[in-house]
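Take a look at this one; I'll ask things after.
The first chain written gets the first letter, and so on, giving A, B, C and D; residue counts start at 1 in each chain.
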Amino acid sequence: MSDITLDLARIMVVNRARWTTIEVAFWIAAAAGYFLFPAKLVLLTQMLIGGLFAMSLDLLLGYGGIASFGHAAFFGLGAYAAGLLAAHGWGEPLSGVLFGGLAAGGLGLAFSSVIAKVRGAAVLMVTLCIGLLLFEAASRMPWLTGGDTGLQGIDMWPLLGLFEFDLFGRTAFWYAYAVAFLLYLAARRYIHSPEGLALKGIRENHDRVPMLGVSTARRKMIAFTISATIAGMAGALLAQTTQIVALETLSFERSVAALIMLTVGGLGTLIGGFIGAATFIWARDVLSALNPVYWMFWLGLILIALMLTARGGLVGALTLLTNYLARERHPR
Amino acid sequence: MTAPALETKALCKQFGALKVTNEVSLRLKAGGRQALIGPNGAGKSTLINLLTGVLAPSSGSILLEGAPINRLTTDQRVALGLGRTFQINALFPHLSPLESIMLAVARRNGRLGRPLQALHRETDTTDEAFALACSVGLGRDCLRPTAELAYGRQRLLEIALALAGRPRVLLLDEPAAGVPASESFELMQAIEALPRDVAILFIEHDMDLVFRFAETITVLVAGTVLCEGTPGEIAGDSEVRRVYLGVAGG
Amino acid sequence: MIARIVIVAAAMFAACISARADDRPLKIGWLMSYTGPGAAAGAASDAAIEVFFKTFGKSVAGRKIEIIRRDTTGPAPDVARRLAQELIVGEKVDFLAGMDYTPNTMAVAPLSTSAKVPLLIVNSATSGILAKHPFAVRFGFTTTEMAQQLATYASKQQFKSVYTFVHEYEPGLDAEAMFIREFKAAGGAIAGSVRAPLKATDFSAYIQRIKDANPDAVFVFMAAGELPPIFLRQFKEAGLDPAKIIGIGDITDESSLPAAGDAALGVVTAFHYTQTHESVANSEFARTYKSIAPDRPLNFMPVVAYDVLKAIYQVVEAQKGELNPDRTMELLKQTKFESPRGPISIDPATRDIVQTVYFRKVEKRDGQIVNVEFASTPDVKDPGSAR
Amino acid sequence: MLGFVNILLGGIAYGFVLFLMAGGLSITLGLMGFANMAHAALAMVGGYTAALLIGKAGWPFLAAVVMAGLTAALTGAILERTLFRRLYQASELEQVLLTIGVVYAAIAAATYLVGPEQMAIAVPAWLDGNLRIGPVDLNRYRLFLIVTGLVLLVSLVGLIEHTTFGAKIRAAVFNRRMTASCGIDVDKLYALAFALGSALAGIGGALSVKLLGLDPNFPIKFLTELLIVVSVGGLGSLRGTFLAAMLFGIIDVVGKYLLPEIGAFIIYATALALLTVRPQGLVGRPR
């Protein structure tokens, strides 16, 4: 009766979770970057960290349809948590990253109930206020966070007791690469789990989900906690690899940068956050080196052009390209 | 005597002075087939929203298999066995029918809450969802995005999604509304094939469907139950004819 | 495939190192804020670079001078650290200079120490930086030395009670602590203290607290930029006399003095440079500076930037272009010359600037609101932190 | 006690400055539903126009402020016709990012055209200094702001709620297709409404220079405050925006006076509390 058999259905479900060429290409290119641009290791590391942070927002926005204007609150909290741990004598990196993730995840959990109740434009404003609250709190407690001068005195123990965090940023790069890759795998498992499917359901049709017996509040709570934890870990990585934490990690500008990176890369593609981050940070670095005073003008124009044209972001465009190439090579 | 599948006691809903649901007491027996008819604006949709918890009642109680569910949220009521379909398709445009059904199945199998559990490793969820899709005749296009499906076939997905929760009570909100004659045959078959142990309350204007499936019919007018009886009684009742069909006398 | 990439990269790396003959250009990494809140500092330092090239020419000891400018976008330590790391590892700079914000300096100083690249600080005013970093030298000023001078001045003026108002960040907290310690030591009383966040733009609440305390004078430190003029205007509008204010020179800086206008008249400040300073060096510098940037205000920023470049020039010339970091630091410690601000030298023990601190009062001179020097204390050293 | 009256007046005046700037945003973001992050950039355009006209061309204060409104309206109209119009149907996020691109470009352009230094506006004699009324000496400029703010509130509410032009805008925003089908040129209507919002931004920007200062970073510095005022007030409601502006103005100044250590913390905490309790805003209708 139907030409779709059970086996085909199963294969289709498996295919949806398969790695695309763009994902594989990105992670290989990132590793190759270490060898190709030895002088730019710190920049590459900050691209990975920016990508991880953008990806954490993609879970909420790309997959759950929950926009956030204050996601830097979690990033900054993770940075300060890991920074304070190291500044007060415990410089072990891995436990520091976990601690940063836990602190931010706790905040995410706490605020998810507040944010779950709010819908539409109000979510942007509530998350904006959360971000500003944390920024203000950190700036008003110089005795703890170092205030505007930033948190100093972070000295990191060697990674796994072997690899020193040196000036050239070699260890820092592979450390950030490994943590980012592991969290990417975890995020992939999450969006391809039933929990991830429920989150997509919320994005597609928020009011229909309860009619399937699924509690939207619980799904948002889980999504927020995971997203905040990953953002916190990204912040912790920045604190550990730059050995300083600035108020800027909690700033509105960093939340907006995450939104830009995600939209440039491509929403709801997971790898989009990383590709968007790499492109945005690279462009900002090149433009500001070329013209230190007026680079924001060109960045603004690029952003405007992107918003008027490529709605699917780079991944959208790249997917079209790879599909086109695939069809060219062996047309069905 | 087993408790009725669904029962309401003096259920009321007021918006300010306007009494939209007025002392409605319904009894839907287990496995029953009951139709709810009434002119537009009689308060049918409000009643369904009260039953599913989208709206909170002003007074009165709702019991599912004898247990009060007034305090429960919509998803808790559905988990206890109350399913419904929507008059205007409310589905997941970019998800495929298979994925939509898998979500409902996964919830029922308790597979949610474990973010690192890969979906494709649990073949039982896929299998059950696929079987359900085929049972309502959606096997053919259960992998295409739902938005690309024809309107009639989306109605079938509504029913499959409701069934995926293995409901004890199923509320069908105008299942045949807007379905062209060419596609209504499959829909009739799907409704006919609904399991006998599930109690069904359906709102419908299509009198053929009502008189074909309903064992009892309740007539709702201006938020109040006018009368209730077998199709034969209702067809002959002059009061119903006057109010509903607008025709004078017997 | 990966193997081939690694071999090529290694070859490139080796090539860079072998070219260390002395014909290599002299590279100076210049880290300033060209955008964000401190953008005026970047613009002023660019003009100073032009004045330096016009005065000293484009090369020293046969090596072409290359100044690589990078925008630290304001107080952003992670950006400053990344840029410094790229300049050291990628561009292989011989000197790092600039540093207009304390958080940026604290992020970059550890790199200068571990890579042995001399770091010349233009304007971050916190005193604790130099101790831990042997390759750092400060040519700017510290808020602690200014606060100490002002405390002495306040006691000489027989002010009984002084209220302190500072911006809440490292240099501000240093200034507040030093002033309070010195003024109390000289027998004075503190009428009260309040701090404002760097972001605040409305000061009416703080000014009302000052008005309630009704002190003889108000000690003020604020980061140079757009906020001091707003504070001074609101201070005058609240019915208080600006002449009651004794502050560190940032608040009547030439770049924001016009915006303050009459609200600054009578304000007494202590600073290391004043545009109206009478000296041959200053008038020559001012003439060249005006020819390059006619509409750009002449304040301390370009003067200190110019001094830094001059010090580098002298040190490279002394080593005939063949630089050795330790030898460079020895020479930098012996820096001593007449700067547009007046005679300056580096204290060999602390690598901090030794300079004259000038007391100035804001007056109206032929239609222009300017700072006029009326007293000075020569050879002032940074007294260290009082916290 | 006298001190407290001054503080209260300072708070009210600061509230009016916020309202002068946020009024236009409550039309474009609130009423028209277009998430325009570049609103403060239009205020900057107004600020610089007035500052240059007064400073360089010697214009009288009030004429310069009116001209500031017109220049901002023109800039707003150009931006709307070329860029914003294409994204009316787009998601809020895309509108946000497009307008943030405009903010980036505006900051760099201002730095290029006028330089990074601080700009000031010379205020005429009748607006300078204080006015002694009984025991209290009130600041003339703050009083002027309060009066202008009230005039603006009344005329705006009148325009939006009691004129056909206002009715047409509200109809278009509520149901664009239906309004168009009634023969109203919605496109032109949106352009006019946007220009009105921009004019308000320009006037607000020009009037706020004396209190808030003016430099190329103006658009980013006040973006978050304006967003909070408009959203807490209730999207699309002018009264709500006015109420929220007053509330925040007073809380900010009084808060800093009583508890300087906490400072702006109070504002954001209040805003968060209000937004979670009434997501639709103080005056907004639940959506």
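Following the convention adopted for this analysis, a contact is a pair of C-beta atoms (placed from the backbone, for glycine too) under 8 Å apart; a residue touches a chain by one contact, two chains touch by 3 or more.
Remember, it's a predicted structure, so these values are computed and weren't measured experimentally.
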Item to check | Path length in the contact graph (subunit A to subunit D, fewest steps) | outcome: 1
Next on the checklist: I need the common contact partners of subunit B and subunit D, sorted by label.
Outcome noted: A
Next on the checklist: Based on mean C-alpha positions, I'd like to know which chain lies farthest from subunit B.
Outcome noted: C
Checklist outcome for this item: The pair out of A-B and C-D sharing more C-beta contacts is A-B
Item to check | Centroid spacing, where centroids are CA-atom means, of subunit A and subunit B in whole angstrom | outcome: 42
Checklist entry - Cα centroid separation between subunit A and subunit C, in whole Å? => result 37
Checklist outcome for this item: In whole angstrom, the CA-centroid distance of subunit B from subunit C equals 74
Next on the checklist: Going by the contact rule already set, what residues in subunit D reach two or more other chains?
Outcome noted: 107-108, 111, 261, 263-264
Checklist entry - Which residues of subunit C are in contact with two or more other chains? => result 35, 39, 42-43, 197, 199
Item to check | Sites on subunit B at which at least two other chains make contact | outcome: none
Item to check | Touch relationships between chains, expressed as pairs | outcome: A-B, A-C, A-D, C-D
Item to check | subunit B contact footprint on subunit A (complex, rising order) | outcome: 1-4, 6, 8-10, 12-14, 16-17, 186, 189-190, 192-198, 200-201, 204-205, 207-216, 218-219, 222, 226
Checklist entry - Which residues of subunit B touch subunit A in their complex? => result 52, 73-76, 78-79, 83-84, 86, 90-96, 98-100, 102-104, 106-108, 111-120, 122-123, 125-127, 130, 134, 139-143, 161, 164-165
Next on the checklist: Using the touch definition from the top, list the residues of subunit C that touch subunit A in their complex.
Outcome noted: 2, 5-6, 9, 13, 34-35, 39, 42-43, 46, 69-71, 73, 75-78, 81-82, 85-86, 88-91, 102-103, 106-107, 110-111, 114-115, 126, 168-170, 173, 197-199
Checklist entry - Any idea which subunit D residues touch subunit A in the complex? => result 35, 83, 86-87, 90, 92-94, 96-98, 100-109, 111-112, 220, 223-224, 227-228, 231-232, 235, 261-265, 268-269, 271-272, 275-276, 279-280, 287
Next on the checklist: List the residues on subunit A that touch subunit D in their complex, please.
Outcome noted: 61, 67, 114, 117-122, 124-126, 128-130, 132-133, 136-137, 140, 252-253, 256, 259-260, 263, 293-297, 299-304, 306-308, 311
